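In the two assemblies presented below, chain A is common to both, partnered first by chain B and then by chain C.
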Partner chain A sequence: MTASSDVEQSVPASEEAGADLPTEVSYWRYALRQIGYRLGQLIILLIGVTTLLFFLLRLTGDPALILVGDLASEEAIAQVRSFYGLDRPIIVQYFLFLGQAVQLNFGTSLQSFRPALELVLEHLPATLVLAAAAVSINISAAFTFGVWLGYRPERPERRVGLIAVLISQGIPGFVVGLILIQFFAVKWGVLPSIGIDGPKSLILPAITLASFLLPRVLRLTASNVDQAMRRDYVRTARASGARSGTVLRRHAMPNAMIGTVALIGVQFGFLLSGSLITESLFAWPGIGLLLIEAVRGLDYPVVQASVAVIAVLVFVVNMITDLLFPLIDPRLRSQRA
Partner chain B sequence: MTDVKPDVERIGVTRRSIGMLYRNMSGLLIAGTIGAVITVVLAIWGVQISGFDPAQQSLADRLLPPGTDGHIFGTDQLGRDVFARVAVGFRWSVPVGILSAALACSIGVVTGLLAAWNTGWIRSALTRLMDIAISFPYLVLAVAIVSVVGHGFWALVFTLGLVSWVSFARVVYAETLKLKEREYLIAARLIGNSTFRIISRYLARGLRHTIAVMYAFIFADLLVAEAGLSFLGLGAPLGEPSWGNMLATSREYLFIAPWMMYVPAAAVILVVLTANLLGDGLIERWGRGTIQN
Partner chain C sequence: MGTRRRTTTWMVLLAAFAMVVAACSSSTDDTTTTTVAPTTTAAPGTPTTTAAPTTTAAPAPAEPTSLSIAMGILPPSGVPWTGAGSPGQYVWSNIFDALTYVSPDGTVTPALASSWTNVDPTTWDFTIADGREFSNGEAIDADAVVATFAVLLSEDGRATFSASVTNYAFIDSVTKVDDTTVRMVTATPQVLLPNAISLAYIVPPAYYAEVGAEGFATAPIGSGPYTSTSFSDQKVELVAWDGSWRNDPSIDTLEFLNINDPAARVQALQSGQVDVAQSISPDQLDVLAADGFTLFSGGRGSAMSLALIANDGGPLASKEVRQALNHAVDKQTIVDALLAGLATGGVWATPGVNGFSEAREPYPYDPDLAKELLATAGFADGFDMVAEITVGSFPADADIYEAMKGYLADIGVNIELKQIDFGGDWLPKFLGRDGADWDGDAFGLSWNSAPLIDAIRPFGFFSCGWLNEFFCDEAAEALIGEVNGAFDVATRNALLEDLLAVTYDNPSALWLVETVELWAHDAAVQGFSVDAFNIRFEDVTLSG
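Showing the complex of A and B:
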């Protein structure tokens, strides 16, 4: 590390001169700085969100009443209050809560009496599988249909396709899900629409979740491919006699698809919003469904833990996107490093 | 010769201005305007057009398919006219969208302006705040907040407005930074206008297109968010004719009464599509500026 930073210092012009060919060192420095920056963001976000929820929950209702029910006697309520520390001043309670949250202890679920975080982590794999499937659908649709739409967009059939994409942007994801259920599960009865029962039951939820992002991804891909095809380097490649398929695949697409993958990375949080609706529509046992049920049952430790885990999940994906892009696209290295 | 011209202008002014309006509008804006007119008509006269009382139950007329007994779009599980209920839904869902987007717009514009106009720690704190807030899925936050503040019209408006201001703030911030360097604003500052006057007269002029376009898109997003929350049982109270509520109920009747799903779904799609078309049409007309995707 010391040797490499000496090199950096001894060549002060490396920023400009080496912008096209950054050394391994500058990437790692960029990566470390980026991780540090994002980690700081994550910590502020976690503190902000949990604090907001903590005070909202305490100010609007007595958690002890939720715990024991409205019909319990005064003594029982007082007992529960002192057991959970709810008789102390709210500021003291807040710092106790923060202290426990730092140790990854969000309390016990009020419904299943298990540690809230454990419960949330149990539901994590289902959400990850669903999100991964939705992202793969988006990427493969972008590489096929999106590229097709953007390559020669003046042809009539592609115009119709683009209009269809534009219209589909107005269809909310949960309506897509309901229509899919109506046809594939109810009318034709070919695919299951509830819970996890073999790989077949992933199909409808994955398509539904994918549809939250798909129109935007297709639009961006089409317009990027179209723009790339008008660039000078494509004209040069054409002029030098490359076949049109080669021009598209080797010259236009690599530049156009960076934007697509970036969009999916940036919009991952939005995809998680969609998973709330998708999971409860298909009774898919992920974090989204858990959060909705916890909200309905006023199970606030689980609400806190789910929101925290979702924040970490978004952080990890943003992190990966940040670190991956300078590797894919050399231009970003000189911009950000 | 020169006196004749104004008269000619005046004679044809009404007809020509309508023609000009039409010629200047792109296909997107025309389609969006038609959608907006349909939305307004259905919101105001929809119930009369349907010819039924949206609250009137009739067990004898349960789950009638579209077209029977004058029910254009059929009836629901309690015998209520689906068209009438969806028409009342316009008066719930569209105002929630309009007001929450307006709240998001106000918070976002103020934050964006503060961040762009100030330098130093206020800017760095606010841009950091925006960076953090944009990464968090706002529906997750809305679900958590709604669980606490309760259902109801105003609770929804405030929750949705409070969780979605960031997109406005970021665009206003970026646009203001750009405008600050423009000659007319520099000139406005040099001749000694007060900051308030610069912002309200000169900057507002430069920002209004961007804000209008963003407003259309955010309105569409929040309309869908409201329908989604209500669909999850966390938005509109159970009795309210929100489209999300109707869609949630329709789930149990998909097999025997799919129209209970298709009609409210069509209403959501109509309004969202209208807002998106208007937004895209305005972008086409005014240019994209700092608005992404």
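Showing the complex of A and C:
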């Protein structure tokens, strides 16, 4: 990003509202083209992920042995393998699986006898709630604390804040969770720490999950705000008599936030991997907890359905993030138009 | 104007996130409520499977009592034949009954069957107790028993419910003699048939036929003192049903919660969000004891050992060497230090198992004797060996193996512990599947003896005919055959005693500790005990 382009973006762009009109139209064309292109990618991704998973799972052990147990007779093992089709050549098993998967049929859970995808979709809302809350916390913290840290970072209290953020980046998310439970549930008894039981039960898991990404988001936001405040367009705005708050809110923050949105979007997959730990810690009935138990029990259908749903979720969030950029940054809109 | 529009865009984005949260919150609430089974309970005597949701006919207590139990994992479904131990039995044993029940002293007692007779070595007649019914009103009679076994012993049933059926797969047929008598015929003489079927929970035939395994998974119905109102992999809710033939429960509602993380389970207990916690990590016991919680160990007939591969020659082929290894490890110190003294150490059979004897003490810890035995066997300078183990299945198992390694090093036996995966490595090697075989000289071997609760349980492994044979003692082998063929209880127990004595003299394993599951509960909970994976909640009360 050059200084001149910044100036173009921050000040004159607002004066060229009329010039945006054809760009608005082309944005939706661009968005539709992007969605179509991305859907093609999604199909390739899903085939890749499910194929890799199919063969990796088969390396972890024979589910027939797990199901039968240590008293298994040869006959019993053969019966189980035959019943679940595990006695067929692996390549035949794979194509059968693929044929069913394209019809959104991942089979029936070996443990609970329920359709695997139905089971996963039943757990999806809980994970979405948790992830959405964690993303909201990250964005809110970036808008407030991150901006505060980056605006005049030379001040002593903000230096201390930045050091604290740096240190907190080294604390694993599950430790944050355990500490939160210890104080808010065990010592003070003000917040629940297990399961879903009203809005209060979302607070601790959401903060814990947010903490997986929060230090990075805060550092990036602070750094971007600091850099933005040094740009020529900010100086120009100041020289034209704009108040500090106005300069920060109208010129520095919108530019600084592009990176923050990009980080959160790109790291959504990482956030979901954090949900595995968070859900386990707070008995949160989401996909993460389901996946852990399915892996433990070698419940192939549920593992495959969970991973497919997670892959779609991450993909969709990344696509939305990509589509948001041109809305936030008019330069991208005009470039892509 | 452009910047104002961008600010507006940001506000819209934030608002959208807030709406997503709000929308998802409400949808989650909906999900929670819809997990409640629609009509799983019925007034006693109601002849249909979709009866009124009333659960008790007796006057409601002034203040309903409830108990929350934090579990490390919940049973995957309400179908009660998908496991033989933890966690399924803890829940299922309160909803269902089998024909028999193995009581805490290891003897088989009547449950839905009032009595049974052994017509000949392969034929048994079971008499169903009069006047009992399922919580949906269906009668418990010979038809119900025959229908249940028809599901279990069908080709599909043997595959789908193999974890349970494998214990009684030798049953050839189950037929109705009259309304209260069923006949079971086994392929071979099976003296422990009544023990083996103590996990074959009987289900209401009409209801099961109507909903199938998929429907039964979330809305199970049985004849126990509790009925299910919600059954998911995250939470199981049971309410007391006073129509059961068992004791009337004093606690109205049970809530089993899936709290996967051990530290979170302890914190849930400390914060009062649950009353009982399962699978406590041994390093948390002191803290909980200091906080006034009651600690106890559950499980019966479970043991942890290091199986010694004697068939491949080398030092372990020597009986003296195997005795030396048993004398070299101070099992009681391991139990005291790592399991807070809540287990027994170093002997099979363990307390509560048929065949256990107080007189048969563990090998005394005597490193000098161990060295002497090694010298006698020609290994005065010790030797190196490799053991393949799995960890993470039992409390402190990794630490127990490390302690064992330290003790063995003291007598010159240097053991390399190789951790392997249970499903991918251990099980195929143990069962000798597709040519899989052990890479070391020993391997970790743990078992629970449910549903037999009998000392004979591990002798299948330690026998000359095991799928991947690693130990063979002809004297023991003959006794195993005699024990399995003896139908007279006294004769059989005497033979079992002889077998255990032979095994003590010629050990097939380094017996480590009784594997227990560590539990903790609030001091207000009274009468809580775990017995071979059964928790009889009808005997639990709350004080204060």
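In this text, the second predicted complex is superposed on the first by the 287 of 337 C-alpha atoms of A that agree within 3 Å, B and C clash if a C-alpha of one lies under 4 Å from a C-alpha of the other, contacts with A are read in each partner's own complex, and residues count from 1 in each chain.
Just so we're on the same page, contacts are C-beta pairs under 8 Å (C-beta built on N, C-alpha and C of every residue); 3 or more make two chains touch, one makes a residue touch a chain.
If you're wondering where the values come from, they're calculated on a predicted model, not measured in any experiment.
Figure out whether A:80 sits in contact with chain B (first) or chain C (second), or with both, or with neither.
Second partner only, chain C.
Let me test your reading of the model: by the given contact rule, A:170 touches which partner, first (chain B), second (chain C), both or neither?
In the superposed model, A:170 contacts chain B only, not chain C.
Regarding the shared-chain residue A:207, is it in contact with chain B (first), chain C (second), both, or neither?
neither
Is A:220 contacted by the first partner chain B, the second partner chain C, both or neither?
A:220: touches chain B, not chain C.
Mind working out whether A:228 is in touch with chain B, chain C, both or neither, as first, second, both or neither?
Neither partner.
So in the superposed three-chain picture, is A:263 touching just chain B, just chain C, both, or none of them (first/second/both/neither)?
After superposition on chain A, A:263 lies in contact with chain B alone.
Using the superposition on chain A described above, determine whether A:139 touches chain B (first), chain C (second), both, or neither.
second
Quick one: classify A:181 as touching chain B (first), chain C (second), both or neither.
In the superposition, A:181 touches chain B and chain C alike.
Could you figure out whether chain B or chain C reaches more residues of chain A?
After superposition, C is the partner touching more of chain A.
Contact-wise, after the overlay, does A:120 reach chain B, chain C, both or neither (first, second, both, neither)?
Touch partners of A:120: none, neither chain B nor chain C.
Need the overlap of the two footprints on chain A, from chain B and from chain C, as residue ranges.
After superposing on chain A, chain A residues 60-61, 174, 178, 181-182, 186, 280-281, 292, 296, 298 contact both chain B and chain C.
So in the complex, which bits of chain C are touching chain A?
Against chain A, the touching part of chain C is residues 1-4, 6-7, 9-10, 13-14, 17-18, 20-21, 24-25, 27-29, 31-32, 70, 73, 76-77, 79, 82, 84, 155-156, 158-160, 162-163, 165-167, 169, 213-214, 217-218, 232-235, 257-261, 263-264, 267-268, 270-274, 421-425, 427-428, 430-431, 433, 447, 460-461, 467.
Where on chain A is chain B touching in the complex?
Going through chain A, the ones touching chain B are 41, 44-45, 48-49, 52-53, 56-57, 60-61, 166-167, 169-172, 174-175, 178-179, 181-182, 186, 216, 219-220, 263, 269-270, 272-274, 276-277, 280-281, 291-292, 295-296, 298, 303, 307, 310-311, 314-315, 318.
Across the complex, what residues on chain A touch chain C?
Those in contact with chain C are residues 10, 13-17, 20, 59-63, 65-77, 79-80, 82-84, 108-109, 111-114, 122, 125-126, 128-129, 132-133, 135-136, 139-140, 143, 174, 178, 181-182, 185-186, 189, 192-196, 199, 202, 249-251, 254, 257, 280-283, 285, 289-290, 292-293, 296-299, 324, 327-328, 330.
With touch defined as at the start, can you tell me which chain B residues reach chain A in the complex?
The touching residues are 128, 131-132, 135-141, 143-150, 220, 224, 227-228, 231-234, 247, 250-251, 254-255, 258, 261, 265, 268-270, 272-273, 276-277, 280, 293.
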